[in-house]
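Note that chain A is present in both complexes that follow, paired respectively with chain B and with chain C.
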Partner chain A sequence: MSYLYKNLFIITLMTGTLISISSESWLGVWIGLEMNLLSIIPLMNNSKDLKSTEASLKYFIVQAMASMILLMGFLINTIKINLPNNLLLENLPSSIITTSLMIKTGAAPFHFWFPEVMEGLNWMNALIMLTWQKIAPMTIIMYTHSNEILITTVIMFSVITGGLMGINQTSLRKIMSYSSINHIGWMMAALLFTETLWKWYFLIYSAMNMAIIWMLSKFNISSIPQLMAMSKNNPKMKTFFMFNFFSLGGLPPFIGFLPKWLTIQVMVLNEMYLTGAMMIIITLITLYFYMRITMPLITLSSSSSSLNLSNQQFKSKNMMSLNSILLTGLLFSTMAFNWI
Partner chain B sequence: MVLNICLIYFLFFMFLSLSCFLLGLKFLVCDLVYFIEFDLVTLNSSSIVMTFLFDWMSLLFMSFVLFISSMVIYYSYEYMSGDMNLGRFINLVCLFVLSMMLLIISPNLISILLGWDGLGLVSYCLVIYYQNVKSSAAGMLTAITNRVGDVAILLSIAWMLNYGSWNFIFYLSCMKSDFSMKIISFLIVLAALTKSAQIPFSSWLPAAMAAPTPVSSLVHSSTLVTAGVYLVIRFFNCLGNNLLMILLFLGCFTMFMAGLGANFEFDLKKIIALSTLSQLGLMMSIIALGEPVLGFFHLLTHALFKALLFMCAGCMIHSLADCQDIRFMGSLSTFMPLTCCMFNISNLALSGMPFLAGFYSKDLILEVVSLSYSNILIYLVFFVSTGLTFSYTIRLLYYTIFGNLNFLKFFSISDNGAVMVKGMVGLIFLVIFGGSMLSWILFPFPYFICLPLSLKLMTIMVILLGGWIGYLLSQLAIGSLNLFLSNIMKSLFMSSMWNMPFLSTYFLNYPTLLLGGFYFKYVDHGWSEFFGSQNLYYNLSNYSSFFLNFSKSSVKIFMMISIFWVILLTVLFF
Partner chain C sequence: MMKFLLMMLMMIPLSLLKNFYWINQFMFFALSFFFILNMSVDWTFLNVYGMFGWDLLSYVLVLLSMWICSLMVLASVKIKKESFYCEFFCLVVLSLLIALFFAFSSLNFFVFYLFFEISLIPTLILILGWGYQPERIQAGAYLLFYTLFASLPMLIAIFYLVDIFDSLFLSFFDYPIDSLILFFCVNLVFLIKLPMYFIHLWLPKAHVEAPVSGSMILAGIMLKLGGYGMLRMMKLFVGVLSCMNYIFIGISVLGGVFISFLCLRQTDVKSLIAYSSVAHMGLVLGGIITFTYWGFCGALVMMVAHGLSSSALFCLANITYERVGSRSLFLNKGMINLMPSMALWWFLFSACNMAAPPSLNLLGEIMLINSLVNWSFLNMLGLAFMSFFSACYSLYLFSCSQHGKFSNNLYNFNSNSLREFLLLFLHWLPLNFLILKGELISLFI
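Then we have the complex of A and B:
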């Protein structure tokens, strides 16, 4: 199999992330991030598709620039306090490093590369981009204890951009990437206060994304009109798809509500009322475009499409169980906490 | 007659009625009151208890209700024969009886509310039994008007929380001067006014005549509408003087208004309904004058003769091919002598013919009014209304029983509905003897009445005068000067219950609907749409398109901006 090299790069990708989040020095962080970057480029590339090449190039350039800024940030830090291994930062290098990590995550207002790169990827790479690639930069932002004003600004920018920009899109990859920007805002808010909360948010967010993207990739869908073809004669699929989107938007009976709930709680406890209120209100807009994706599926009778994709069945036991856990998780955990 | 649902319920209710009657006599003689409490749920110190109150009043009232309903159910076997939903009909009537029982025997506001709401619901279902637009409108009017009373009872339940229990019977006299009890008494009187169709709420009772005639006979004349009177009797101990004064005025004018309206009406059932309204006003006002037992006495006798009156009217309507207009009737005594005989007897009992049922209660009430300490207005209204009662009775008899036959050329008017006649015969004895019997058993010693001869004779004078006027009114011929036509506005005012149906339907509906339409047009579909959803979406999508412009620039520019930002940071913090 000619794709065997992908196994290798997956392993180095994960190793890079693990190195950077567990290293004690800034150099280690940088090395890990570089390993991660260099191993995702071959994963992205598909010789039959020019768009993926373009995307990988864009990604490489932007990430390389961000790594450069990171390198500059901790070099300034080393000059200032003469300790190469120290993770504690001065004010200036901390801001520079946070900026570089924001660029790497794709948080607004440094997000411009993110939807463009996403547009060129296939769904599995998009999944990696949406979930795994966030781990290293965000963990390191968490470690740096950087300037709170900067982080809050980025939170607001990300939430608003994620909410606003998704409205006029028809491409599902772009919608997913703007939704991801919105969620990055929430995750930033979570990691500002509590590590565990960020971990929970990230885990649940990744699981929800996995469930949605598995379906999209299985039926090879990249824009909203194609959804109608997917849902034809497949009510179970339709229902799960819709509920997953509700969960992603944070509608209460589903698991997606849990991390948002906890984040709101933490923000209220730390008296960030205005930011919290803005985040909740703007997230309604994301919920709106999720609903706009899913509502036609249940309200309109599905039209027949020339692409007959409907004979694919929804059979994977793993996906069924993942979906069930995601959709009923909040209910069952609430019951478990209250009555057992 | 084969065993059917009507016969079963007839026998069952008859048996219950007799046992209640005997028990009531026993309780009356021994002066007993029984409270029966079922402990339903007890949680720590608070217990939920279902309480029943048995005294002579509740037992006698129950026995009368059961007796009349047994007769009516027996009667409806023929009246409703051929109806597809006879079973539903009888079951509804039985549900009505059940909720009436619950209302009568409960000394507790919650269980009273259960019975009260049951009455409202069942009476709505019965009014809309014939499925047409008119019935639906009438049922809606009935239900909505009675909702006012339900709300009043709910509010008084809330106020009763102050006392720690809803068994109002224990608090009536000892809490009389309490502020909450004043509010409760006001609300209870409001509820009673709606259920008994007193003046601001009168319009539903004639409208409810859209129900089948047995229902009118049982529900809308003898029992349901007296529920309000019964409630006032139960709460009598806590009613303050001002409240009684208000009640007196409302009752008096209801009596007068309904008596006047009945003289203008041509619908057979509506005449009897207005007469019911008039008698209810009489009961309310005598209670307000401080004689609840007299009110209760009149309630029982009225229930008897009014039920019979409606059953006779039903018989006529049945024979006359569902025609209810009294101008089409006439000379009915030649075709249905037995029915007309009973019709006549109950009419005379209604207007207070000596030694029939109505005489004992009505005469006593009027004498007590003459004797009592009230003003000349009240006195006049009482006596004029008594005269009006006989006036519309004579008019009714003139149009229906005497004269020429005014019906279609093909007719089949006869007495041969054996079941209906049997049902009516069951009541006729009580209509004749019920009044004297009740007066002997209810009052251990006679009322002391001391009046000059002129006042004593006043009753019989106004009745005769009223009868004469009624005769003259009915005789108006086309050639004579038509007073009604020359005073059309006045006669319209009086015949339409002082405009009350308009006031309680159009007057309430029209401005509300107009305002609703206005807000719907200008707010829901107008500004709120513009400033709300549409504009919100428009703006969001506009902003989104605007910000998309930034994505059009190439990655080069983005990278340059990032570098500038880092330089800016360096300049700021270095």
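Then we have the complex of A and C:
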């Protein structure tokens, strides 16, 4: 059984994203997004797993619909301004296009497909879904210069939904997707101001997700009770795992605080006090459910679990070094700014 | 500055070695003694390096945190005996010390905020990791979310302050900003940490569930972070507070009285001590809010005194807890029959807690009462009740735990070790001898 075709589709997936973020006309944007969509479907599919097929189908339908709305938006725009090969946008089509791209990222009022799709994927696909699939739509939202009220509404919706819906979940995939919805809210706030800020946020968010999902996929964990099995045999991994979640929640000594800090600073300098305050307080709810995940790890209790999935002591130098660099990143970057 | 920083950083690998518990202990004490040699005086920032330095206020609190952290290691020998993650414990205490060291000695408000937050995580790990009951999870959540809920608005306020002053260096905050919202954004977290009467609910929970080291650091240092932050930021809010200080002084004095009543009907030793620290810190808050010289200096003295005395009381509570297995005053009776020499320490620290003469608490209380009565004569009523009932609950604690018939449930019992006497003596010595040269640790402005 050869999975060689997956390499091909990874390449086209990346090419699609790159085409859409670097094209000069809306048609190019659309083509890139379609390429990206058509190449992730075979990546998701796994003939032994029906859930992934279902997920890929759902994903396809939603994304195709969003692409159609995007197509409609830029056609309206072309009719209005009569310049087909241009990124200029009228007011109405700009809102339509932004909305369609929000559907593609899974920002909050349009998020309903996102946890459902995530539930069916394996962890590596979930990682692609949480990180790489956000690049193209969000970059293009940055180009549309849509009105601030729309974006602010979506920010608030995303932050609130991401916080509230994650509370009662036990499936880690669902939790990661709701946390991603929350972070999408923050990233929207970042891209409202500067591209660099968004890039930093996205990079750090992706790195944190990579660290967490790497562990989850190595230990084959998909719900909270299974975490006990990991924590029993691997105290070091357990500590790293715990700190990674604190980092994702944006607690200071870890790198996750850095993008939040920068975003809040820029928001305050642009006089968005209320939005910033709301975002930062509602994000505490996500911190609460991260804390629920880490609770069996942080209490240092070593009761045995019936779900004994991984017996072996697990050691990976790569994983350890990635984690240590990530977690201490804030201290090093602060030092780099202040002492050099 | 750097020498202490490097010493603490080099202690990180030391703390991870197996069977190096006592070497760690030694290094903690050595650090405190070295630090004593680097005394800072009055309001000048000495030993400045980068964005860190100490004036007397910072110096005293850093010294207090080093001392309390050393005593924490001394108090938690049970962790070593049971070898329950004892290397990790050393690391957590050390990282807590590093965070507190930076928080107290930073000259930059943002850096202060950063390390203020960082100190939360080791405390959380301490409570959740080495606490006793399952309720510690709730206590940890209370601690984390009470603090974070108020500290995140402070982050926004900080960036607003950057906009106004173009700098966050504490010395540059030189003219008052009369904004009520800004006042609450900056100070709410300090009021929660302190804790002020209405927002103190996290404190008894956290104290009751924490292991002895967690209680010691919470009562000894973490509450002082709030007081320290307020002392530093008060000059921004002269205008706001001149029209609404009566609210805070009312809450702090009346709250102190109510909390003293509450103390009198506690059955849990640790909970009693925790509530008594709410009363004392209420006095500190009142002193700070009056904006008088007496009030500010008295707040510092009271913070140091309270840090040592309540930390010692938590140690005493733990010493009996390790033997009796309960924190209840109904079971902890009659200890004078079983541990006669420990009864002396119970008495001495209860006396300190009620601000009896040779203790630093007395100095602090005199200064704070001066400032509060100077602010309004009406405060005399509240302060009289507060002083009287603080004596009441201290005596209640002493007499209930030491006198009476001891519980028949006690099956076996081991007497006190030298380590425990040393632990208490090292609390008691600074508490009762520093008053002989009180100006050395009080006149920071």
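Here is the rule we use: the second predicted complex is superposed on the first by the 328 of 340 C-alpha atoms of A that agree within 3 Å, B and C clash if a C-alpha of one lies under 4 Å from a C-alpha of the other, contacts with A are read in each partner's own complex, and residues count from 1 in each chain.
The definition used in the following text is that contacts are C-beta pairs under 8 Å (C-beta built on N, C-alpha and C of every residue); 3 or more make two chains touch, one makes a residue touch a chain.
Since this is a predicted model, take the numbers as computed values, not measurements.
Overlap between chain B and chain C is detected when the two structures are superposed via chain A. Of the two partner chains, chain C is the only one that A:Ile280 touches; chain B does not reach it.
Once the two complexes are overlaid on the shared chain, A:Gln265 sits against chain C while remaining clear of chain B.
When both complexes are overlaid on chain A, the residue A:Ile11 reaches neither chain B nor chain C. In the superposition on chain A, contact is made by A:Met65 with chain B only, not with chain C.
Touch criterion met: A:Ile298 reaches chain C, while chain B stays clear of it. Once chain A of one complex is fitted onto chain A of the other, the partner contacts of A:Pro252 are limited to chain C, with no touch recorded for chain B. When the two structures are aligned on the shared chain, A:Met124 is found in touch with neither chain B nor chain C. In the superposition on chain A, contact is made by A:Thr99 with chain B only, not with chain C.
The clashing stretch of chain B relative to chain C, chosen from 453-461, 507-515, 525-533 or 561-569, is 507-515 in the chain A superposition.
Looking at chain A, you'll find no residue that touches chain B in one structure and chain C in the other. Chain A makes touch with chain C in their complex at residues 246, 251-253, 261, 264-265, 268-269, 273, 276-277, 280-281, 284, 287-288, 291, 295, 298-300, 334, 338-339. Looking at the complex, you find that chain A touches chain B at residues 58, 61-62, 65-66, 69, 72, 76, 91-92, 95-96, 99-100, 103, 110, 112-113, 115-116, 161, 164-168, 285. The touching residues of chain B, when paired with chain A in their complex, are 540-541, 543-545, 547-548, 550-551, 553, 555, 558-559, 562-563, 565-566, 569-570, 573-574. Listed in rising order, the residues of chain C touching chain A in the complex are 50-51, 84-85, 88, 99, 114, 117-118, 120-121, 124-125, 128-130, 136-137, 140-141, 144-145, 148-149, 152-153, 155-156, 159-160, 162-163.
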